[in-house]
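Per-chain residue numbering starts at 1, and chain names A, B, C and D are given in the order in which the chains are listed.
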Amino acid sequence: MGLVEQTQAALAELFPEPALPAAPAGEGDQEAPPRQAGVVVTDAARHGSHLDVLCRPDQVVAVARVLDQDGYFLEAISGVDWLDKGQFEVIYDYNRLGDEHCRVTVRALVDRNEPAVPTISGVFPAADWHERETFDFYGIRFQDHPNLIRILLPEDADFHPLRKDYMP
Amino acid sequence: MSGYLSDIVTGGKSLVTGLAITAREFFRPVVTEQYPWEVPTMTPLFRGHIELIGNEETGEPNCVVCGMCQRACPSVCISLDGKKNESGKGKVLTRYILDFTKCSLCGSCVESCNFNALRFSRDYNLASFDKNDFTMDLMKRLEEQNRCKR
Amino acid sequence: METSIWRALLYLVGILAFAGVNAAWLGWCERKGAARIQRRIGPCEAGFAGLLQPLADGLKLMSKQLLVPQGVDGIIFRVAPVLAMIPAITSMVVIPFSENIGARAMELSVLLLFALASIGMIAILLGGWASGNKYAIISAARSVSQNLAYEIPMLLTVITVVLLSGSMNLREIAIDQQGGFWHWNIFRLENGHFLTMWISFIIFFICSVAETNRAPFDMAEAESELVAGFMTEYSSMGFGLFMMGEYLNIVVGACLTATLFLGGWDCPFGKTPGVWWFVLKIYILIFTFIWIRWTYPRTQIYRLLNLSWKILIPFSLVNLLVTAALIKVF
Amino acid sequence: MTVPVHLRHDETFVLNLGPQHPATHGVLRVKLTMDGEYIVKAEPVLGYIHRMHEKMAENGTFAQFMPNTARMDYLHALAFNHGWALVVEKAAGIEVPERAEYIRVITVELNRIASHLLWWAAFLLDLGGFTPLLYAFDDREKIIDLLERVTGSRLTYCYLRFGGVYNDIDDEFVAGTRDFIKRLRGRMPRLYHDLVTHNIILIKRIKDIGFVTAEQCRRYGATGPVARGSGIDYDIRKNEPYSVYPEFDFDVPVFTEGDSMARYMVRMHEMEQSMRIIEQALDKLPGGPVMGKAPKVLKPEAGYYYSAVETARGSLGHRLVCNGDKNPYKLKLRSPTFSNLSLFGEVAEGMLLADALAFMGSLDLVIPEIDR
């Protein structure tokens, strides 16, 4: 069993039901049927990741734990503002150091009015700064983050510049 | 103890080697150029700020006011205006302003131009105490160049 | 040696001139030397080969505002640069430039020199402390521990020389080495002293590099760690005086090395001794200081102390014992 | 060497290292809580040169972002060009002619050598050795002259285009590059290794300083020479090959010690490997065009794209989200030093100030890339 299948199997255990909490916003523009599985294999040559995981915000930590046990590391956390759908999306990019290669994209959708995601900085310390950055740019709150303050913007900034409705 | 002594011996040797190397460099010729007195040759691809290319015979700018450069510019530093050509077809350039303070010399404007109307100048002595000196009127620049040619 | 007012004035002017010229133009030498080692040209615009550069620098420094930041200890802050300069100039008094040129040939001149060198260290400590800057205080603390650590092996090696010459008078020590390089303390052929004395010389030289806070032992300045160390808050001639004091310390260190180990004003071939030989020797030594500075990276404070306590002090102790034994045996 | 001490947490003071400090190479500020010269807590404060490149990407077209990429990592600008070109080519399905791929590899690797040379120079400057800086700049100048010939600029290159490169290389460039490799190989053993690498002062200064374990690298997402100095055999050029890298025979230098010396050695060996790649690429250089067919106005399909390249400092990732428009809907830059720096706080604890700065130098920080 290759690394991709192994990780897929490990992650699939977290998603017993195929039902999904919300329609994946980013794929909404394509007229594809709504996605059924939490974990799908994607074309790495085109999309740059082997596995695509769509989970509820409260599953983010569980996914991180599974990936941590399998020796993955966190590349980045980014936010996306889907303004017309009233949602924020948090994208976690995982990768593995070593010969066998597998990249995992974990996505979670949160309500735009009260964006909150549990922090994974307890699992990956790398997430500390990346979460602060996402908070900085989008105002997404990472619950239980030890030090959720501005990182790149000045500490007295009262705006979140990467929100699509932000006007300087 | 053996590590202690060998550290002293190898360490001392490495220090002497270092001194020998710098001593040799001391007597070798300098490699720097004294800038205002010696000027290095410029590469043909040098990117200065942009300038208009005039027609070989008339000296009028080749520009047809298509606005491609303006749209290609990532930093919005080009503004140009044109008016209808008196002879009927096309447009003539009336104003071409480059705000060089914003320019990042990426060359997108020159690449996007299909009419051989823009090129990079070879000016590199660009320093001023006044910001307004870098809002360049390229039409005026072209006129001056034409005058010099004559 | 009679003391007249004219003689005192002559030496006062002479020493001040020697000190001033060295303090100014050694900066030029350093910059030119560094430039050549790095294959650059160095200062070249002010005057021929940039020789007027020190004047230009001095004028610039003097025309700058002397900033005294809020919260510093005003008196000590102002006194420290002067204190860095004075002991270095005073040390020149006892240095014998040749058999007949020397302001004062004191019996305990070696001791006096070391006493003055310690005052120079106090200047750094006071300057760093009075600045009230965290970098400056770290630098001052480092500087003190460094000077303490290096004075011990330095004195231990000087004792070997004193044992050989039987005198603590620098003039006597130099006179003892006359007659060609085989009489110099570093190569001294008689009684097999050359076996130990070159080690003494190396230890002494390393110590004098450390004592003058020169790279690779410039822990006090360490510009990439402590910004400018104890000089961080100094501007204008306050900074200038520290710099000049540093160069004068190098001159004193070179003079002392030349006198103790290299025969003072003696000609290497046993002929025509004179002040020119002394000057030549000290400038070769100063060039070595510059050469070393521009070759090596800086060491670390605990490596520096390790070098002193674990290598230099044991070696100088053994060296002292062997020298004493050689003297006793022959 | 981290000297084992019992740190007293009651008698500490705060030292602001930066934003203007000689050792931070830019405007990084590190808030150090110190006990004497020992660091009790180190907390990097970022953002002093933050320019919001990600918003600029959203506001312009795909091509208009290309000049910005060079302004982030100004030392390895071509790799940032390459990363952006790759992710957009992936998203829009643009083919690149083979000659252009080879030219990309040659220029990116030349730029990598230049970046490592500058790191070496700056690292030695951190350690108080000024002369090596100028020897390295002498060599780096040659690379910059070569790259100026083909790209038109000296530092912040905007050379790569979607579907190719801006300008073809000529015989003079090829000859000049071969000359340069010969020259650097000739100078490397004496001016770099004899003068510096084997110098006892340097060895004592950086050996056993700043240990980073492989596990720390993984938890903090450190990549590049930092990870390879800790025994992690990971190089995107090998593990996840892009462009024409699979066609070249090169090694990935890995050292297991995890100290500053290991990171130093990784970079020194990488320069040699880059020279090997350039030589092979010059030998195999195919003919043909340097620009492929690319539409004037790019409108990639909606979707999520990720692409990574190996820069001189580690893995640079572009997370691109498109919604079918002619601007990127969202671009996140995963810059290598951002993650590499995040482990500084943990590792620097209990170190002496001077050692921590030597460790920081060995991380090879480029501040505009962290702050973006």
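Definition applied: a residue touches a chain if its C-beta (ideal position, glycine included) is under 8 Å from a C-beta of that chain, and two chains touch if they have at least 3 such contacts.
Given the structure is predicted, the values throughout are model-derived calculations rather than measurements.
Novice: For this structure, which two chains share the highest number of contact pairs?
Specialist: The chain pair sharing the largest number of C-beta contacts is A-D.
Novice: Can you give the whole-Å distance between the Cα centres of subunit A and subunit D?
Specialist: Going by mean C-alpha positions, subunit A sits 26 Å from subunit D.
Novice: Provide the C-alpha centroid distance between subunit B and subunit C, rounded to the nearest whole angstrom.
Specialist: Once rounded, the distance between the two centres reads 50 Å.
Novice: Using mean CA coordinates as chain centres, what's the gap between subunit C and subunit D in Å?
Specialist: The computed centroid separation for subunit C versus subunit D comes out at 43 Å.
Novice: Please set out, as single numbers or ranges, the residues of subunit C touching at least two other chains.
Specialist: 37-40, 294-296
Novice: Indicate the residues of subunit D shared as contacts by at least two other chains.
Specialist: Where subunit D meets two or more other chains at a single residue, that happens at 131, 135, 138, 195, 199, 201.
Novice: So which bits of subunit B are touching at least two other chains?
Specialist: 15, 18, 21-22, 25, 31
Novice: Quick one: which chain pairs are touching?
Specialist: Those chain pairs which touch are A-D, B-C, B-D, C-D.
Novice: Spell out the residues on subunit C that touch subunit B in their complex, using ranges where they run on.
Specialist: Counting only subunit C, the residues touching subunit B are 33, 35-41, 44, 291-292, 294-296, 310-311.
Novice: How about subunit B: which of its residues touch subunit D in the complex?
Specialist: Answer in residue numbers: 7, 10-12, 14-15, 17-18, 21-22, 25, 31, 43, 45-47, 72-74, 104-108, 111, 120.
Novice: Can you list the subunit B residues touching subunit C in their complex?
Specialist: Listed in rising order, the residues of subunit B that touch subunit C are 4, 8, 15, 18-19, 21-23, 25-26, 28-32, 34.
Novice: Name, in rising order, each residue of subunit D that touches subunit A in their complex.
Specialist: 46-47, 50, 52, 54-55, 58, 87, 90, 93, 217-221, 223, 227, 232-234, 239-240, 301-308, 315, 317, 319, 321, 323-324, 329-330, 332, 334, 338-339, 342-343, 346, 371-372
Novice: Considering only the defined contacts, which subunit D positions touch subunit C in the complex?
Specialist: It comes out as residues 1, 3, 13, 15, 21-23, 37, 124-132, 134-135, 138, 195-196, 199, 201-202, 204-205, 352-355, 357-358.
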